[in-house]
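The same chain A turns up in both complexes below, where it pairs with chain B and then with chain C.
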Partner chain A sequence: MLGRTVLAGGALAAAAAAGPAIAKDTINVGIATFLSGPAAGPFGVPGRNGAELVIDAINAGTLPAPYAKAGFAGAKMNPIFVDEAGGNAKQVGEYRNLVEKRGVDAVLGYISSGTCMAVTPVAEELKKLTILSVCGTPRVFEEAQRTYVFRTQAHAVGDSIAAAHYVLDKFKDMKSYTGINQNYAWGQDSYKFFDVAMQKMAPETKASENPQFPKIFAGQYGTEISTLSLDSAKLVHTSFWGGDIEAFVLQALVRGFFNDKQVISSVGGSAVDSLGKKFPDGVVMGTRGEYGLLVRDNKEPLNAWFVEEYKKRYDAYPLGPSYQYANSVLALKIAMDAAAEKAGGFPNQEQTMAALKGLSWQSFGGKISLSLADGHQAVHPVGYGITKWDKEKGAATAVDVKFYQPECIYAPAGQNSVEWLEAGMPGAKC
Partner chain B sequence: MQLITTMLLDGLSYASYLFIVSVGLTIIFGVMKILNVAHGAFYAWGAYGAAYTIGLASDNDWPDWIGFVLIFGSAILVGLILGAIIERVILRKMYHEEEVLIVLATFGIFLILEDIILLVFGVNPYFAYQPMALLGSIKMGGIIRDVYSLTLFGLAILVALGCWYGLNKTKWGKLLSVVIYDREVSLAMGINVQMVYLVTFILGATLGALGGAYIAPTISVAPGFGIDVIVLSFAVVVIGGMGSIPGALIGALMVGILRAIAVHKFPEFELFVIFGVMAVVLMIRPEGLFAPEKARRI
Partner chain C sequence: MVATAWNDKTIRWAVIGFGLLAAAGWLLPTWILNNVMFGLARGLAVLGLLVLWRTGLVSFGHALYFGLGAYAVALLEKYTGLTDVFVKFGAAILVAGAFGFLLGFVLRNYRAIFFAMLSLAFSMVLYGVLVKMEVLGSTDGFSVTQYTIFGWDPEGKYPLFCFIILACVVALTIVQLYLKSALGALTTAIRDNELRVEYLGYSVARAIHIKYLISACLAGAAGGAMAMALGQVDPDSMVNWTVSGELVFITIMSGAGSVVAPFIGAIVFEFLRTYAFELAPQAWQLIVGGTLLAIIFFLPGGIWSVLEKPWAKRETDNG
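And now, the complex of A and B:
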């Protein structure tokens, strides 16, 4: 009797897992982003704004085609924003709180690579669908197979490879390079990837023996600017962001640094807008995807809608993180809508994850494909352009924009990115 | 020779910055025996005050030189208002408490003041580059330098001389020395110790705010940037001896010059140098290089 009961219970449970979930009017989604501290201005708040804008549009059914159908499988999203500031231990606590106490249906966001590395194992342990939006470390998916965690932003190795390609394409007489990057994982990795890519693609170029790694948020770069000025290398790579790139630009500008050196910045886009016409022309600027400054005049309907609505609502142009958060929200909607259609009702988490796995979609910033890490890690083109202040528009623009396709800058599925880079990027199609 | 000149100028420039941001901390500790963690908030408020008012002046097409008036005006205003409120409302009630409790109170004040910055100014950065742009650049030692950073030397010398003169050549300085030496005897002799404490705290707060206000034109004034200053100032003050103004000067010079050498020759040791010097000094002379001598009570 007991055996039959267990069997019946098991069958019911299996049927419940395979079938649609109970329809919901609202889904609760935790969204982590920096709302305080130095990363809030350049990353966190633009990211929150991007998410907020798209969530409201999806809830109201006002997104352009093909995403005009209202809701997430018909349900409205109730976002619960949490502050990413405060360190990894706090974020793990916040994550558990979102999942175990507040019972969210999914978690989105995260900017810092450290935080992504910290919450990923917890997401797997708690079996909660989590979509990472911004963080760049390739380690999230290359150190272990993930089931519940996805990332709608490509990893940082591609940013540095694309930077090296751009330099070699546009500045063919560049013989040597150096760098100024923050002294933590992001800065160290960015320069290392750029350096290896340069050496593999153009072994005749010479790397400086004195690349600079000042402390993050140091604020004072007078000595570093002197050192870079004395260095014979003409190209300076930087992955500075937020207040650090702004302070560096202000201090370097008055010293005529940009007249002597060609600077390439992989993620300094926020400074272009915050400094306005004070930001020097001629800096090579990346945005980690088809985002921000590089696609401001792109008339593709989704991008045009996003730029226009964002500007109308927040009186500012959307930055890279605005796109990155908006893309995560959109990916969840697409997956839930597709899963609902397949299941014939409101989808459960497993059905949503199955629809998300390997998804390829037209986002606000071009096409994104979850094609790495068994369908969990996104790839997309990464571009660079050269800053130029447009006097007529009274706004910053980018000229000579060039995007590098995923098959040129990312390791094929199943390969370790850093090992692939160090092996000379075999099989890359550029 | 070019490299040595550059390292020396870079070192002196950074040392001037360190001295200006740490002298307020050491004055408050010297007189009141309070390790004032809220010093970072004074620095941040000074910077925000200067950046906001300079931005306003620029928007209204006021001449750029007004920026210098606003830098000093903001620092004095921030020091007066915050210093007076914090000393009279919070610290005055805590002087009989253990030192560690007062440190925790100043840490709480720091957090509150940082949050108020977020409420008042938001998360977006403020810029006040006009004074730096106004002074332009000059070629020295083979490379171009901005004149504004060179004026830091002058400001640091002015602050150091002002402190020396104020402490050694004025009646107020003598009163301060007596209170530093023995608070109880000072009270018994009829010195208004509470007033000395209030003025000292306001002076320290104003110097902290001046550090932020003067640095504001060279940086992006954004939330959270006051935190690092506490750590840096603390390192300088510990090296020189807590409460010693010459100590802060020597500590700043040591750190500034050694850091410049590290950045130019061994950049990977840049961060290590600051705290390496602190560790070595603490091992050899735990009270710091120029700690004021303590009277032994019998």
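And now, the complex of A and C:
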């Protein structure tokens, strides 16, 4: 069975190389996501579920309008899910295996910024269309111009700028701030971007001298919570995720932390659902886009379809990563359909990429535009809201949700985001 | 020197074997070429562990040198733009060797679990430093994108594959000659009875220091080769304790019977992992771990013990 798939994959790849006009029944697409390890629960599995749901719907032609046409340029997608755990070096090896051994037509996914940085040069080397789904580092498209790599998720600088805007909009009396972030690239960057954004937008606010950077997956945050409690800063920024945010919230709760402090969390959405009514009210929560908790009751038809079908199939609400993976799959479908129409037959990789470049589409979570990095990097609004447990529904909700538009939180095309942020975000329209 | 080496049956067969592999590489599909290249790179480090293991020492911290080698290559490219494989490879060995030489003064006084744990501790210090420092790439690391050979900028990975094979042949020859020398012959003696070795007039500490230095250089070379083959360095894949664990894993899987064993074991490991990953994306670790258990139970001498019998037979036939 497996042997046959591999052979079929090889044959398809050969066919793809031969020319544009050969119609296909199936396309093989490698989808990388965390299937084991600490990132599987909060990111990997919700991401895989989101992809799976949408792939099945596209294959069957059951997506709502305007995407009701079945297939990817008429072909069914055969997803090959691979585990993103095990380090970047292993992922680079596995990426090569997907392309060179299994002959996939495209690769989607990737959650870790490190992995995205690692596979991007390999994707360029092997000339294989690759759509990054979740990872946040702006470096992927700002260190070099890419040809074969796209990202349907906006980068992390905007998440932190939106967080600073939300804080300044909603908590006008906030005079100083601190943070607790994991001591690795994501945590360091998230706090740095937030800190710079705060200083540029409100120079009168004071950054704590003592923001906390515990080790990732530390699990015990007693000391850090005590230090933060003694700090005069009332606002606490965190980019914790997965088990770490759950552990932090539970340990902070018993110490009465949330009575004194205002916490703003950029990606802690999974904990809101997993802790349910134990999750404290009043925490500012972000989802890196128009996703998850913030749009759960949004009746926009694509979103409503996604939430309902996801809930039916997996007995859980879709989280940020579910949307992010679903959006990558959808982007590929739209590009392939458009390319097929233009080419008058099944599109080859170049035609699909040309259609994907600069694409702007209505996704499951709002409108996404590939408008940066010469049409390869997405921008979209990023929002925050305040958590509130809805007793009647028995579900978590978000109130006071506010979205910040792309022109407010991202550097204009061609500029380095970090330099732009440090220059005080010239030309930002909020 | 060359004649002495050529007279050694193991070296002769290894040179022929590697030569055939280099020729076969021309025809192999890229994914196999890559996996063999990763296997050979890791095999260099395992060869270093074999030198220590024959003395009864197990290091759970050779990712320190593996990582130093890999980062030496990556930082050299990033900050100086030097891309020549010989320069990069030399830098990797030099940096790892320098650290190995210094730490050797401490580690040569320890044995057994203390040696294993202390080396683990040193490697995790480097891990901690890398993760916390943004100039060193933090957890994201860097990519290593280019390589040149004496100014020639080759297309594809085949020339690098040949370079790594050359490195393996040189390393294997040196280690084999070392193990056959008087100093190398002390290897097993030290494991069996240190006191008697001292009475023979040799310094055990010094002998262990030399072994440690050799193994550090080999692990550094391995890290350098891996960084070039893979095109990426980051702390989790190059310096974390799991990397040291993998190297020990391959050492046990290969067996200490011959200097060829590490390379065979490491290549088997790469393919085992690739297929485990393909067959069971959610439980591949289980397959890899299960294989190690099976080898410990049924082949206590490692994969080499399967090959050893026909090998030994040929030796007697020829002799």
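By definition in this document, the second predicted complex is superposed on the first by the 410 of 430 C-alpha atoms of A that agree within 3 Å, B and C clash if a C-alpha of one lies under 4 Å from a C-alpha of the other, contacts with A are read in each partner's own complex, and residues count from 1 in each chain.
What we mean here is this: contacts are C-beta pairs under 8 Å (C-beta built on N, C-alpha and C of every residue); 3 or more make two chains touch, one makes a residue touch a chain.
All figures in this text were calculated on a predicted structure; none of them were measured in a lab.
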Fit-or-clash call for chain B and chain C when the two complexes are aligned on chain A: fit
Partner chain in contact with A:121 - chain B first, chain C second, else both or neither: second
Touched partner set for A:145, first chain B, second chain C, both or neither: neither
Touched partner set for A:113, first chain B, second chain C, both or neither: second
Contacts of A:36 with chain B and chain C, given as first, second, both or neither: both
Partner chain in contact with A:62 - chain B first, chain C second, else both or neither: neither
Partner chain in contact with A:212 - chain B first, chain C second, else both or neither: first
Touching partner for A:26 - first (chain B), second (chain C), both, neither: neither
Which of chain B and chain C A:93 touches, first, second, both or neither: second
Which superposed partner A:183 touches (first chain B, second chain C, both, neither): both
Three-chain overlay, closest Cα atoms of chain B and chain C, distance in Å: 5
Shared chain A contacts, counted only where both chain B and chain C touch the same residue: 35-36, 183
Complex contact set, residues of chain B against chain A: 2-3, 6, 9-11, 13-14, 17, 115, 118, 123-125, 127, 129, 132-133, 136-137, 142-146, 148-149, 215, 217-220, 222-225, 227-228, 259-260, 263-265, 267-268, 270-271
Contacting residues of chain C [partner chain A, same complex]: 29-31, 34-35, 38, 131-132, 134, 138-141, 143, 145, 226, 230-234, 236-238, 240, 242, 273-274, 277-279, 281-285
Chain A residues within the chain C interface of the complex: 2, 35-36, 81-83, 87-90, 92-94, 96-97, 100-102, 113-114, 117-118, 120-122, 125, 137, 139, 183-186, 188
Residue ranges of chain A touching chain B (in the complex, touch as defined): 35-38, 40-41, 44-45, 183, 210-215, 217-220, 222-224, 226-227, 229-230, 242-244, 246-247, 250-251, 254-257, 271, 274-275, 278
